[in-house]
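Below are two complexes that have chain A in common, paired first with chain B and then with chain C.
Our next item is the complex of A and B:
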């Protein structure tokens, strides 16, 4: 697969939408909406023989009628029309295709498999990389290309995480969670039936070629040649962390997965071993995937398992300490110098050993950040979990804390925060702080602890391989 | 402890705020805000010798200057003033007190313990039940009494779940999660230092006396007389499910918990056994607590572990099936009659066995609900997980589904849904459907599966004891 073609596919300078529509019921309407409202900056060429303009844009009866070069063709026409449309894309020298149309290998009718082989042959003939068929498309947040039928993906924060998924449903689940959790993403895509872009091709591209991708997340049900995937990772020689969610673990899930994407999920235990050997960290839920990807992208690297817990309320600090120890981390023992600094900052009414109850420092964000600084400088501490619950009674303090954080040096050790507040109370300040200076804000103390453990596990996993060597 | 006094405390017909304030920095300001903006319907009497009115309400120099009866006194004055204020409350025959002031047994200074004993003696003398000291207070959503310094708790949906917590921070965490997840609550409270209302007293009251409480959630760090708690449950003889989150599991967490609330958490394994023997279901995170409480309150009882998964997208259905089997549930095997009904409703391109891929029925909420109906009538199915991802492309369909659901009979088996959509796209419809007809909407397929398993575990746990016998 030519790298140049994949570059044009994922970062196109022009896009044609074959099957574009002004009718809300059609996917071609929503693809147009995604491109236009998603802020795509290159020219968009709707193709539809039954309209002069679509979404107010001049429309062509056939892609071959367009004079200009087309990098990406997004195809949303009925299955029967796809072969001829692909031939036209090939003749027009389109560099890459997103084939949204479904009804191929994934259906219980053998006719689907024949149609899919036909598409494969056409793609092979013209050397066109195709995402799909049976996909919602992809979204490139780095360059504002929303080549999917879900406009809302354009609302995801821009960042360094790329999700390569074998399921469109999972992409939607993660995309919506990403919005809620303010995960910064570079790209997300569903590979669909993987006619010629399978995990090795996509992963290889984002590992080696895409600079804006700093962390890769995979959702895998089953693939035909897992060996090829692991060889791709081995040969890539990059230090980008990879995490994976493997579905179809149970027998039943496995058989459903075969129907869904045409590949058997395979024995889960074999997968587990292979993932670990390849330095891929396995996550067990969509939320864990989002949280882990976020801290891997935002936080400084972690050097050890010794964690300090600082909390504005004792209870949530205890919960974080419990969760952390369960995950294999341990509470750091402050040096006497660090302990002295904390003792000076907090009155005797507080628990000043780890986990530190910052409750009495509540009136002063300065003090809280001074405690954080002291603990980050402690030589026995590898990372910090920083917890506080906010409501209208302490709203003013949070404003000041957000401002103070704005002016400090980036953290050299990972700091995972759990700042909880009722919706609307503090959204703007949380938004401002999240991702700044190496600070990642997660949803609950337990999830902060789990993500810190995953940061450490990813480090160990990667060290066992070629990363960070 | 007299039940009548606890009734007056938790559902007061009049409230005095001792230490009320018009100054944003004072907790007495926020308590006033909680009562006023929280919609308290009885008379409010601010008490403060340095003001004529507070929050625009006539203010008294001393509680004894108020002519009318006072059911509840909320005290937010400095620790040194508390004894005399309590004496005045006693003389005024106040029925119950919320003592927000901190600085007692929980501090490292032995003076705190002496002060706390003094309070205990005064309370004993006047027979006043006291929540606290060192508490944010309580919120009674049933009767709109927000006796806390966090106004936002009044925004929680009204429902049947009561949370009794040993930590104010945990209450805030859960309260904010409850808002996000639309958990309906009856009451929530932090017991603080438990001067005379400890877990047995509070739990006994809500088990036996409070009809609006249908499910009880406990957050326990450590208590002095756990035996008394378990005896209370045994003697209550009600069928209300109880779930518990036990913190301070690790050695370090345990010692932090002792400082925090003055009680050792104790050996976690002993706790685990005791909880199970008492028919209490243990949950392991704040989110699991919220999800489990929600399905216990909303869903029909579950009779067995055989679950059907219906999903608008195959991937998330496979994830739910995996998660479910991991938790000890299993996919039901449809009877041939049920299978025939589904086969008629779905085209052959879909996976029509369990987990069912409803993708092709996407255009028709009617069909999706018909499939749901067929599966609920299947004799081998004990519960249903129902998954769909929504975005602007299918927004109209969701409106129709919400309307259809409005007109059906309540489900006789538990139905846990995961309807995911970007914020703002479908909030209103989700809000309308959540909790209706026995349908509980949770955040992800994995959390839906976990909650279904907990519904079944709670049933088993309770059957081993006096519940549902």
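Our next item is the complex of A and C:
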């Protein structure tokens, strides 16, 4: 598949919507809304023989009636019309297609598979890359192209994480979680039935060609030729971290086999091993995917497993310490110089060794930040988990922290923070700090610990090393 | 066409490929068993050998240790009887007389998956495989780092590195896994294979039993 065509598909300079509509009940309406309200900057050409304008934009009876070049065609017409629409796209030299229409291989009726083969053949004839069929589309947040039927994806923060999913539903789950968690994304897409853009093609493109993608997350249910995926990673030779959520964890082996190996060779068992073999970090939930992707995108790489835990209250700090030790990280042992610095900052009324109870500095975000800086400079500490729980008396904590926080990027160590407060109280400050100056903010001490451990595993893997669970 | 190769035949095939196998021969009768056992040197183990028997322990088909000629004769009779009771009218190839293995029992297997193609499995023998399914898989070919990863991935990994096993060299297993991967790459006719158990100790790594399906 030509890279140039994929570039035009994912970052189109013009878009036609075949099956555009002014009627809320039609997907063509929502696709138009996504493009228009999503802030697409290029020309949009609605195509519908029964309207002069749609969404107030001049509409064409047929894509071939458009004089200008079309990079991307988004097709949302009934299945019966798809073959002729694809031929028209091909004749018009459309560079790529998003085929939203469903009713193909995914349905029980065997007719679906026949129709899909027809689409495949047409696409082959014109060499058109197609996302779909049976997809909600894709969203390119980098260039503000929302080529999907869900406008709200345009509200996701722009960042470096690209999600390549086999399921539209999972994109919706993660997309909305991403908003809640302030995850910055570059692209998200559902490959649908993968008529000619399957995981290897999409992954290869975002690994090698898309500079705005720094972290890749995969959601996989099953692939016909999984080896191709691993070969793509090997041949790409880039160092972008890849994480994967594998659903459909059937342990059922080959029931016909009378061998131990055969009966244990459940599909998921092999997937698990193969993912590790290709340096892909497996995550086990949507939350873990979001947390891990966020930390990989925002934080500096971690060089070792020694973590400092700084907590405004002792309990959550201990929880974080327990959680990360279970994941293969350990509490760092501060150098005497670092410990002296902390001791001058904190009175001896709480535990000042790691995990540090910063309770005595409750009213002083300055002191907390000085402690943070001290441990960031500690040569025996590789990363920091910073925790503060809200209490009425420290209402001002995050506001002042947001003001005072220096850029921690020069320390080249990851810092994951966890601020928990009633809804609405600290939200604005958290939003201001999250993803800024090298700091990632996650929800709970356990999730912070898990994400820190995953950062460590991903960094190890990328350096060609390994980890032990 | 498919062919199932078991017991002595499977070990012979693997030995020819350069793998270490426990010295084993098939005894046709009691006297044969005594002669082979004396050649190998007592103590030996004795096992039912027949294409009908998938799990020898299911029919009480293993005797160990056999320390002298009269025990060997008795074991032969018992094992033959056990087989005939379990599989009336079926053929017994003979009784396998084998040098005993020592060390940790591991299992190494190969399977051809419809999507992934050839995959290799590693696990610890006995209950670790049977009961808690503590095994790791990789797609073939694997390198030494993959092999190491497969070993470390096991929940039972600590058993391999415990003090009692201090003299055991995990390198042996790594090399073995890589060699099995290479063997499968060379032999596309090998469809499925269990090597179970494979003994690992400071004395080395030895395949004790194996089962291979070839497809031509």
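The rule we apply is simple: the second predicted complex is superposed on the first by the 439 of 469 C-alpha atoms of A that agree within 3 Å, B and C clash if a C-alpha of one lies under 4 Å from a C-alpha of the other, contacts with A are read in each partner's own complex, and residues count from 1 in each chain.
The criterion applied here is as follows: a contact is a pair of C-beta atoms (placed from the backbone, for glycine too) under 8 Å apart; a residue touches a chain by one contact, two chains touch by 3 or more.
Since the structure is predicted, the reported quantities are computational estimates derived from the model, not experimental observations.
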Ask   = Regarding the shared-chain residue A:461, is it in contact with chain B (first), chain C (second), both, or neither?
value = neither
Query = Is A:33 touching the first partner chain B, the second partner chain C, both, or neither of them?
reply = first
Key: chain A residues touched - chain C or chain B, whichever exceeds   = B
Inquiry  = Let me test your reading of the model: by the given contact rule, A:267 touches which partner, first (chain B), second (chain C), both or neither?
reply    = second
Ask   = In the superposed arrangement, does A:313 touch chain B (first), chain C (second), both or neither?
value = first
Request  = Applying the touch criterion given at the start, work out whether A:155 contacts chain B, chain C, both or neither, answering first, second, both or neither.
outcome  = first
Message = Applying the document's definition of touch, where does A:276 land relative to chain B and chain C: first, second, both, or neither?
response = second
Request  = For A:393, select first, second, both or neither according to whether it touches chain B, chain C, the two together, or no partner.
outcome  = first
Ask   = Of the residues on chain A, which ones does chain B touch that chain C also touches?
value = 257, 259-261
Ask   = Within the complex, which stretch of chain C touches chain A?
value = 54, 107, 109-111, 113, 115-117, 119, 121, 123, 129, 133, 135-139, 142, 145-146, 148-150, 152-153, 157, 192-194, 196, 211, 213
Task = Could you please specify the touching residues of chain B with respect to chain A in the complex?
result = 24, 27, 30, 33, 103, 106-109, 112, 149-152, 155, 165-170, 172-173, 175-177, 179-180, 219, 221, 247-250, 252-253, 256-257, 259-261, 284-287, 311-319, 321-323, 325-326, 331, 348-349, 351, 354-355, 357, 387, 389, 391-393, 396, 420-423, 425, 443-447
Ask   = Hey, which residues of chain A end up touching chain C in the complex?
value = 222-227, 230, 251, 254, 257-262, 264-265, 267, 269-270, 272-274, 276-277, 464, 466, 468-469
